[in-house]
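So that you can tell them apart, the chains are marked A, B, C, D, E and F in the order they are listed, and the count of residues begins at 1 in each.
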């Protein structure tokens, strides 16, 4: 039960760039962890470009290697990892149609027994992913982001990148009591999102609290909230400080350093992750690939989390 | 009948950047030429970012000055020029709603007796602009572009940036016999657009013909086709070669140099322009403001064309 | 007593970019906080470009929103904020003449009862601003910077960006006993500036001390030094680490992170701020707008400090 | 006999980027035109980076479409095109070993009956490619470049990017009488390369002559020299002017515009091309992908030349 | 009588970058052509940064080689070329003082019998250079630029980058009848400069005329105007089209291509050049070194012009 | 015993850029600290470009000043510092030959009694430097890096940038018991390097340990391991976080901030440094000079360490 790592041994600039230079696969059959791109950014309100995220995350993921420096585990040895390509859209300008197609595509992966690791795309996509994964029960959620993304709507639009987790609560796809939002910061034009998250029972750790309490305590709190049940990881790249992630639609000063984010993710080892996404990487706004490099690094750590219970 | 040019005399980096550093105005009342931004890019099929076009065109237009080096006319002396701000959208994710609001906004300008000079935005916007301006009769069209933008639809979408001129013909907003498309080039995945343009009676000058015949003959042909009636100028920045306009959604190698484009535009002096647009400037894909600089230069030349019959 | 926030609700890329997308105003009449640009960089000794600072700070300030995430106050509700445009210069190449015009412009704002929030420009401008604001008594000063800016002169020049606070002491515009300089670091070719600051009675916190003592203690020390009287905030963007502020004239490795700077500024809440500036943002040396984004973020925090005692 | 064009119809930012988004293939069996990357830049003397050329040429080739605007032919209909991935190197630091592996890889393609279209890599690679293709007879050569690449050696090195065509003459892989070098320009530290080309019987058209005589006459001369036999096309991206190809190792001011290069290539239609390469695209030195965009455009035109005699 | 070319044979990235990697020299004694930097940009009205011009021109000049591709002459064989470093300023903020120091420095070079080849700096510097070189008689002038630089003053300032040639006429340093200005274009806020050039007797070739008449006729006209006497070459990099020279203070669309500029300069071979400058290269506004590359290329061609009558 | 600091007092953009604007010297005679460039990057496995490192480090080192802000010492007063130029290569494509020439060049410096401060170049160069410096006894080593660089070989290559310290142990040039490697992090495709470092007796502080224990304890550990004997400092710029050093070949997320690195280096004051290098600065991959700025800052701190025992 291992990935063919031949092409991952070559110099990093060689070959067609799949995610992690893992083998390409048409379906999730025989795959343990399915890495998938969702090049959709029709739900943003300011700067777009996340449609180009999967392409650049694939490109920068060539810099990732295999054996984890802390756990010394190799997720590509422990399970079968494949690049399933991008979700296809028949009507790319139609948000509802795109969300349906995302839900179907992720549902197919889930039914074939693979765990999805998704490269967005804007944050809208987390809602149909969660619907696809939560068919039997609501999931816990560890949501790392500068924003709560729990608005009700924007300009008459219920499905967009500021609303996925409110929609997911309404659809029973996540359990707000097992949901933690980490890294929230920045001014808002209304307190609506902050209020909904609190009132629905989510645990919201603003960046101020994270800084004061430290990463170790943040990890403990995340583990406490998520508990033992199945949990989903959603990582908005704008949770990182803008110097680590300039290529995103709504940068907020004062975010996580890469080091803190990596430490935080490593602390989640052993939770029962059903899937994960990394969203809002917008290459047209990036600087020399730094945002995509950090996005790919987060994807590698997420891959290790998803692979943790596969080891022999 | 002149623009207040006080702020246009200051060093170019000073002050809030309106278009050409002209006065701002809330409506077109008392205005001869209304410069308007339309920050919409919901109709693109590849790289977006033209929503940021008006902002950067305003920024770079600070480099424009007043007295034309060939005609020695000063359009700001000859008529009243104002920046009317951007068209507002109540539902920015809804293409149809946006097109309606564009049509209403431009219609209001036209009814107040001003000529619109529009900074896009993607090419979708030319269709509602043309509908607003052509209420009494179809307009002639001088369309400078790498693409004919006369597809029927894209992925089930009738209103997008590849279809505006087909829609405009169908709506009677332009007269295909008085329409010329200049600079068409690049491969296509279907001949549909090329075919429609030809079959509907438009004159299509592919880039090859332009290069062979020269700019002077191209001007003559454009004047012949457009004739004496009211005519609209639509300038897609991707008509320029990608080194002059890297910041656009669908660059095509081998386009116009800025010098050729300026020469071409100057050759259209004296035609009865009812309005003009410069579209597809996408700042996130730009290099050091070059695309916006060239867009602003084209806007200045278009302004002079619109102002030509105002001189005392 | 509130700002019209209509245009601040629109998508951030729309409209003519005033500071914070606040209303423009010709004078400070009826204004509580006057945001003003001073596009002057004639006082630098190395890399220039801060003349373009106000333009880009306006541009990036569109990303700022209204309600503060910690205080939950909205400064635009609490008081009337307006963009007063840029200070005009009749002789932009003449440092003395420019300083006179700055002093007059800020003096007019002060006499109309508004507090100035200034976007520079190089640090030379703080001297005429302080002279304008300190007519009745010397001000306290919280000065966040990599350099003390207390040299005597540079190449025979008494007014330049390395001397404003020495000049301000000499003019009685600031009280050195109520002055604190925070974040000083980097090698020098002479100890003159360090020596003057110490000898005149200023409290100088080198970066080493800040790192060792922590931000909370730095805040306490700043509050102790500034005391209860009127105080001015001068924030040189090169106090930030070069990865947060590459676009500046004299970057020094090892500065504040944005998170630390925000924490520091928030800790000053409740002091009696008479005005504030953010200087040395040099867009030609910037990377993808990061420096201006951080400058605009600092301006937002400074705005909240200036607005603190306006709340009903 | 056609390529599966399904994925070429999708929005251009979607999916794993193979060359032209054509199908990937492990070998040339059943393939008419094999597009291959050779990520080698060990032969340069100044700026390296061409090892990253295949990756970025694949990326930008997503912008290429199918039906040629002049011939209206679709090379993907006319023949089977596939991406064969990159040539693998067992000892990437060893020039001789790499050249051997290139020769073997291209030889295998040729023996399976496919024509290679190669994306470099630095110009060193043309020598082993030519050796692989010229086993039965020397080839004619159309070589478009700023430099003759006919030095004897550099710092004791016989195989590097300034020597491939001298080596190819010596090996009998090209016929100097059927060789034309077009676009040569720029100063040199020795006349050795210019002299060898002339003395060996090659036709050298310096850029000055090309400008004076025009592209049409240049085409005629190239066709005359190449004649009816099998011919190879080698296109060094530095033949383009540095504004079209900033991303290359040894830029020389005053080169071809993209429009001229396209016109020149189209004029070679109908010659018996046995293979082609596009070399010296160095992405680390590129500006916003322009060099790779032009490289991909040249590759598309070269593909059409290779496909010309496949049409039914 | 030749330059030591040892270090010019090394790979171009090696060593401390003097101009052309020529030997450094403290004075012009024993030097035929003295290459000098003048890092002054205190005379600009918009974007500054030309103070960094000499540094980057030195850097990019490493790409220049020795033997001219048309004349086959090697100027470094024909005469002694040295880098004399930069002109020093005792009061860099004082325009008059700087102009005096420039005049003295260039005067010293001239008195030692060397010809200066100057890398600016903004165009202000041409005035003191011309005063230094024209002590015995007024010089002819070939001035290649987008602007005439013959304003009377700017904001009360007589010495700035828009006035040098008016000052030079007034000082008797140039003969307006032997002066030609080539490439003038772009709108102006007053016709004053155009008028002065014409009225003083200069020959002004607007870009329109250059395009219409062609480069060969432009050369002929320049040779006719300049005549047989001593002549100075002043090349403003903004004469080039902005895609060739984005890094400059006042870019104007529609300028010379590098190829045209090179052709034009080569056509001036044999005139009696007393000195030359290349000005207005502003690296902070450059794109990947392109402007400096073209500036260095122009400097190489100018060097060849200055060296022409040194050959044995 | 002091450096001539005349040119170091001028504005930073002036003059030919030697390291720190120190005097140039042909040999180390009479020099205490010899600053030397080694423009070699033939040993990398992924992104190259470090051959351009010395050039850009010289350029950015102009921003460095003289008097240290903590120690108040001026190393240029305390000893004679000179720029010795770059090591020359007779066969730049031949790794062994280059390593020999490096060893000879550094050996000559050492024999003249100067301490070398080297600007790379890729990490391969540390091996021949260490061999040159360790002729009488093995050196201690403080190695700050993301990678241990103790592989055995890469693709059959024993001398490349992943092996220098294994080679140095084998050659007796360093004492593994007196070697500490600090900042190691990132995944690997094999544990070989980690294992060799541990098994040979080196002290390896992974980044995780550094973060947990803090910089002060890291300093203590480094001092303990290095002891009182002669020690070499090797600083790989990729030890810094990629936002501080994007311009390097193998960036690893989660590294040192510049502030931490400076603190760490300052903590080594008083050790018996025999030499130092800063390697892997790759300007083609840099962002606006940030990597080179940080590299130059590290070089200044290293210079102060080398100069520490020279003070009177």
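Following the convention adopted for this analysis, a contact is a pair of C-beta atoms (placed from the backbone, for glycine too) under 8 Å apart; a residue touches a chain by one contact, two chains touch by 3 or more.
If you're wondering where the values come from, they're calculated on a predicted model, not measured in any experiment.
Taken together, subunit B and subunit F share the touching chains A, C, D, E. Here A-F and A-B are compared, and the pair linked by more C-beta contacts is A-F. Note that among the pairs E-F, A-C or B-C, A-C reproduces the C-F interface, with over half of its contact pairs the same by residue number.
Judged by shared residue numbers over all numbers used at their interface, subunit B and subunit C contact each other through mostly the same positions, with over half in common.
Put simply, the C-alpha centre of subunit B and that of subunit E have 38 angstrom between them.
Taken residue by residue, subunit D touches two or more other chains at 11, 13, 45, 47, 51-52, 89, 92, 243, 285, 287, whereas all remaining positions touch fewer. Chains touching one another form the pairs A-B, A-C, A-D, A-F, B-C, B-D, B-E, C-E, C-F, D-E, D-F, E-F. Of all the residues in subunit A, the ones that touch subunit B in their complex are 41-43, 45, 47-49, 51-52, 89-95, 155-157, 160, 284-285. Those residues of subunit B that touch subunit C in the shared complex are 10-11, 13-18, 24, 37, 39, 51-52, 54-55, 58-59, 83, 85-86, 88-89, 92. Contact residues of subunit E toward subunit B in the complex are 45-47, 184-191, 194, 206-208, 211, 241-243, 246, 250-251, 253-255, 285-287. Interface residues of subunit E facing subunit D in the complex, by the touch rule stated above, are 5, 8-9, 11-13, 63-70, 72, 243-244, 257-259, 262-263, 287-288, 290, 293-294, 297, 300.
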